[in-house]
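First the structure, in the form of structure tokens, and then the observations on it.
The first chain written gets the first letter, and so on, giving A, B, C, D and E; residue counts start at 1 in each chain.
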Amino acid sequence: MQRIGVFICWCGSNIAATVDVEKVAEVIKSEPGVVYSANYQYMCSENGQQLIKQAIKEHNLTGIVVGACSPRMHEATFRKAAEAAGLNPYMVEIANIREHCSWIHKDMDEATEKAVILVRTAIAKVKLNAPLTAGESPVVKRALVIGGGIAGIQAALDIADAGFEVDIVEKNATIGGRMAQIDKTFPTLDCSACILTPKMVDCAQHEKIDILSYSEVEDVKGFVGNFSVTIRRKARYVDETKCTGCKICMEKCPSKKGLNTFNMGLNTRPAIHIPFAQAIPNVAVIDAEQCIKFKTGKCGICQKFCGVGAIDYEQKDSFIERQYGAIVVATGFKPIELTAFNEYGYADNKDVITSLELERLMNAAGPTNGVLLRPSDGQHPKVITFIQCVGSRDTSGCGKPYCSKICCMYTAKHAMLIREKYPDTEVHVFYIDVRTPGKNYDEFYRRAVEQYGVDYIKGMVGKVYNENGKLMVQGSNLIDNEQITIESDLVVLAAAIEPEPSVRKIATLLTASIDTNNFLTESHAKLRPVESPTAGVYLAGVCQGPKDIPETVSQASACAAKVIGLLAKDKLKTNPCVATPDETMCNGCSQCANVCAYGAITYVEKEFRLGGGKTEIRRVASVNPAVCQGCGACTVTCPSGAMDLKGFSSKQIMSEVDAICKK
Amino acid sequence: MLKIAKERLNELYAKISETMGLFIPVNYAGEVNYKVWKEGAEVSLETLKTVKSPKNMFFPQTENMMKFKTEGKNIEIIDVRKDYKEEKPFVLFGVKACDYKAIEVLDKVFLAEPVDTYYQSRREATTIVTLACSKPEESCFCGVFGIDATAPQGDVTTWLDGEYLYWQANTEKGEALTALITALTEEGGEETVAGQRETTKAVLENLPFAKLDLSRFTPENLNDLFEAKEWEEMSEACLGCGTCTFVCPTCQCFDIRDFKTNEGVIRYRCWDSCMYSDFTLMAHGNSRTTQMQRFRQRFMHKLVYYPSQNDGLYSCVGCGRCVNKCPQRLNIVKVVKTLGGKKDD
Amino acid sequence: MKDVELKMLERAKALLESGEVARVIGWKKGDFCHDPSPASFESVEELDSFVYDYFCGANLSKYLIQMSKKEGKTAVFLKPCDSYSFNQLVKEHRIKRENVYVIAVECLGKLDIEKIKAKGVSFVTGVEVQDKEVKVTTPYGEEVLSKPDVVLTKCATCNKTHQVKDEEIILHERPERDVNRFEEVEKLEAMTEDERFAYWRAQLSKCIRCNACRNVCPACSCVKCVFDNPASGIAAKANDDKFEEQLFHIIRAFHVAGRCTDCGECSRVCPQNIPLHLLNRKFIKDIDGLYGEYQAGETDEGKTPLTSYTEGDAEPNDVFKGEAK
Amino acid sequence: MQEVTTEKKEFTPNIVAFCCNWCSYAGADLAGSSRLTYPANVKIIRVPCSCRVNPTFVLKAFQQGADGVILCGCHPGDCHYVTGNYYTRRRMALLYSFLNYMGIEKERTRVEWVSAAEGARFSAVMNDFVAQVTALGENKRLTDLRVKEGE
Amino acid sequence: MTNEERVENINRLSGTDVRKCMKCGKCSGRCPAFKDMDIKPHQFVTKLGKGQIEELLESKSIWNCLSCMACVERCPRGVAPAAVIEAVRDTVVRMQGKNGIKAEEIPPIVDELIPQQLLVSAYRKYNK
């Protein structure tokens, strides 16, 4: 006989304000099988858990139902509590009476009635629960970091420092990412390269870190602790082990008209090149589309001049497969395309630039060697207008609905740096709001206004047009209720940022969820902000949401801590809620294997007794519980119902249906 | 003897329906089965064999036995069968001789102690109007069981030809029903009926199965029959479906199942078939593990076990439904022929 | 037809005599000319009762699930429609192909004795089929019926060809026909929801839950059917309530969706003549329309439409769009 | 039994919503934490993936008297289990079309893809579906009369 | 009509949700008729939001708006200031008892020199 205990949580007033929790606990007492029912302010608190533990022991409970918040929140908490009291943790069911009830209903009677039904439904299910035991799987003590920007670098260094092997897969020819392109960092105005490049070098020199640059993740199999990842090493046509980074090839290359992507296309570079001076690895790469040798079959000058014989035009993409215990995704961002914003004339005017382009124009290693010259005529701009929120907070469909978070601060930085370096320059900033939460951030912004005299205009720009070689920026000044036009030499757009598009493919490979803006979804917005819902996958940097460098570095280190925690274990408990076939009913038809995304199902021949002393050999399905992820696709494909899912069995779900329909 | 003009039959049905339920062969969705007569129903008395036999009227395919009403932890048990009383009398109209005989077979089961109150109540409430056969078909073999298809029993016996339905009451119930409908009747028809019987008898005697020999199916031969090696071969093509059982007028096995409702649980019974693989499933397992055993059981029961317990009354009436309806054309005739032999041979 | 039967008999004898096969699956004479039963023949003597005629409509492929497990090879005569079921069963690892010797036999359409009887012709003692006419012999004389009127429903729209054979016995070519097997489905689709509901209610209310449709179905080859399994939560034998038949037939149709070869046995065996094939054909028609033409049993390998997908598949809510209400 | 006379109240349908754990259930949670209301007659059953939902469950719900059944999963392509919802999509497209073929009102059944981020959409979808089923009235065609047998 | 009803009516006519406005002023930044407006496009949105429509009803701006829809086109939040202005304009026209223009009335008053856009605008303006 089942002995069920029911615990109704008030969640302070979160539940109790709309659900009569005492009534629910009282009504439930008369449910068949229920021997104990209680309510308490905070079930998840230490006292609440104690209440549960005590009741389990005192009343010999065989299963418990907690009417509380979403199981996504505290299922694990209550399972642990049950386990501590000697009850199998899978004999716990949660009735979600907060998110699915008290928070969405206003009428107390209605919400209370629904809460009772939800609790009854959970009771119906828990009665059919079976004690489950988690299996174990070994942990490969190596981590993969996808993306070699500051997030990836920081995560890799922290993991490696803890003594675990780390591979960084970077799709570009060098690690460094966006931070390498930035001139100075707010709010301290440190030189970005000065603080980043030492970390890049650390990576290169770390004995535990293997940098796989110019590489992409091709396929991911397996599961937490046991990922098997295929990595495509793109052909760079230069032998990485031989190239010394002497750059002679770059000097000799006759095809020098390639757009320098590192400099945002503001100048050119040779077909064979090292992206920038401090690149890691400091190894050249050939742009095959630009290279004369590849286009015509003739040339081969770089090969001739290479002193170490590193040039290899025959190189092909190669694939390596490696095993990892954990994966950190740190794929970063890119500024959005501005083609939809023709009001700012970005496509038509060379002197309308993005902020990232301005970073390169102001960088000592940039196309102008750090002298701010406007792209059209190489003149010093005298009037510079910044436009904020270009494509951010835009629900019209052209841009992104979210705030890109970093623009306010970097625009203040740019304005400040320009005013400092070129005091004769007039700087205007059109803004909607200035958002500066963060340590020393608002002080920084105020310094731009108060100390450097940057002209902040509350209002938005309606159009930018070219009149006699001048950029006319027409916008509103809401404080004065005026429409103003500023004659500018240079217009800088604070373009919204979006996740690097390749993240979609990676998310699919990792079966990690992604939101409508292509940001990877964290497991819990507050409590598990660096973990993907897919076990063993962690998120660092802008791939998870807009953030600045300090936040990115913090998140990367947090990721590393999680990864280290995982890799420090020798064995992992596996999810016991896996598919399991009833062999006596299995037809061996192979339909289930056809829909299994994990290849968890195989078939074996087994002998069965038929009665009357007869036996029969039949082909039956067999599930590898370490590989099965418990989706249940196979259970529906199985016509005989031989395949069932532990923890979500057909009978359990049907009993829930019954309970809901029962009036 | 009375007669009713064919074109006035609808009036007859309407008259009966005024005070009683009338179950009669009706063509519905392309098939003829016993149904409650309603204005506009497409009555088909000419149909020799309804798909389902009229046993359905006394022993429906599904009926509730008891209810468990649950409220919280309390369970109230309601025995819906105990004091069951059919409230409205009803007339079962157009029953053929074989099906009427089948009711006799069922009576021995359901009216013996412990009496099935549902069955008893319905039997008592029913007036059976039989209809003589005039056009038997090749699958008919009621004669083998001593049934006269041209003069069935029942509370009222009727005969049908192109013009009239001839009516003869046999019992008190029959007389009562006759009294109800006298306005529609006229006297006469004895000669026509006698003539029809003669013609039909001649056809019956020459039916292909008329001379089936049942003499081997005796309790003495039980073991030999049981062990006969032919069962294996005879049952090989059997699909294990319940068609033969469910169309059979004498099969009376049922299963008891529970059904969950909003109020609690309904315990009901429903026809079961000995051809089903779970028929004899018990807690310990299943005593019949092969289709051969199930197949054998069905025919041994009809031809040996049942007669041996019921004064030689066979539990087959030769209606031939299984002959027509078995998907793979297996049937009792093939069994009798294989294990029994023909009188003439 | 007689020539085909003789040839089949000759081959069956030869195969049994040579010991190449341990048994032959075919049809056995009944009491009338119209009631042959499927049977297995293990010796030349047993073949005395062998028959192949216009009433051999039964699909023999399902018997091979058990037969192919027996000692020695089993020879089987497969009509075109049966061959799809055979392939599907091989695909699902239910038949051991290597244990079966398949003889593809000619089929020009089989007759339905119930349809002949419905024409008022009883006591049929023989039939002769010529092109589009069926000459029926009875003790009372001869009747000539139109063949399309009295063929089995499954044969009326059949254009199937043999998909698997180790040898073939085909003496007369069957002409290609221009038939639309979805005509009846389309008619139903064109009805209103209410009309369709009324139609299926009337049809399914006849169901007596005898399970003949399921037990004859080559796709319903489960070791244990969910409806017989008390643990499935939907086990039932009852028929009288209106929901049960619906549940049974919907689930059954869904379970065989993508696997049903449209062999039509369900409708052939239904004692109440419920047009069960129209349920399966709806699935087939939808699958063809939504995911591209697919014929189950055309090959003995590959995935079924329900165990495969494309990224651009139709949305469930959209399948009703552009359709009559 | 005694309350029959008071049963004049407006028809409120009973809706069973199957939600996958990773997207739609989380979407429902988000609707909750965003306080986006939808009628209380929607009750959610958590399943690991929409592909866990057997057509039997849908029919079972109707049998037991549900007036509408809605199935929610991750958007195609975003399935936590990679391909689960692709199978769901085919199964349910065929099942729902089939149910309609049998005369079951197509408005009673629905499939919606709701991501974990779409709390607002979850709420909107539920409001819409409830309105749709309410307009349709009680499920009479696919319910088991025995279930509703009042005593 | 009470003030409240009128506010509701303008909201309905405009078909725009003024609460979506994040007060960036891009509409007014883009407006080609800005200088001729006593109440600026963005103010139409904010004032309607506050229910301060008396000022709007008396505003000259409603006659100076070109209905060029630039503000609608540029609004990052999908708010349509021009639609609000138009709704106010319609309200005023109705209050004057001049309710609408019919399609069949247009041909006789058409001057070939009238720009097409004006016609479209007028039709939109007077036909609600």
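The rule is short, and it goes like this: a contact is a pair of C-beta atoms (placed from the backbone, for glycine too) under 8 Å apart; a residue touches a chain by one contact, two chains touch by 3 or more.
Here the structure is a predicted model, which means the values were calculated and not measured.
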{"item": "Mutual neighbours - chains that touch subunit D and subunit E alike", "value": "A"}
{"item": "Between subunit A and subunit E, the fewest steps along chains that touch one another", "value": "1"}
{"item": "Chain of greatest Cα-centre distance to subunit C", "value": "E"}
{"item": "A-C against A-D, pair bridged by the larger set of C-beta contacts", "value": "A-D"}
{"item": "Chain nearest the overall Cα centroid", "value": "D"}
{"item": "Intercentroid distance (Cα basis), subunit D paired with subunit B, Å", "value": "45"}
{"item": "Subunit B-subunit E separation of Cα centroids, rounded to whole Å", "value": "83"}
{"item": "Whole-Å gap separating subunit B and subunit C, where each centre is the average of the chain's CA atoms", "value": "30"}
{"item": "Gap in Å, rounded to a whole number, between the CA centres of subunit B and subunit A", "value": "72"}
{"item": "Overlap residues in subunit B, where contacts from two or more other chains coincide", "value": "259-260, 262"}
{"item": "Where subunit D touches two or more other chains, by residue", "value": "55-56, 60, 64-65, 77, 83, 87, 91, 146-147"}
{"item": "Numbers and ranges of subunit A residues touching at least 2 other chains", "value": "595, 637, 650, 654, 658, 661-663"}
{"item": "Pairs of chains in contact (touch as defined earlier), listed by label", "value": "A-B, A-C, A-D, A-E, B-C, B-D, C-D"}
{"item": "Residue numbers on subunit A that touch subunit C, as the complex places them", "value": "584-591, 594-595, 603, 616-619, 637, 639-642, 650-651, 654"}
{"item": "Residues of subunit D defined as touching subunit B within the complex", "value": "64-65, 146-151"}
{"item": "Touching residues (chain side subunit A, partner subunit B) in the complex", "value": "30-32, 610-612, 614, 658, 661-663"}
{"item": "Residues of subunit D defined as touching subunit C within the complex", "value": "55-56, 59-60, 63, 76-77, 83, 86-87, 89-106, 110-112, 141-146"}
{"item": "Subunit A residues within the subunit E interface of the complex", "value": "343, 389, 393-399, 430, 432-433, 458-463, 474-478, 481, 483"}
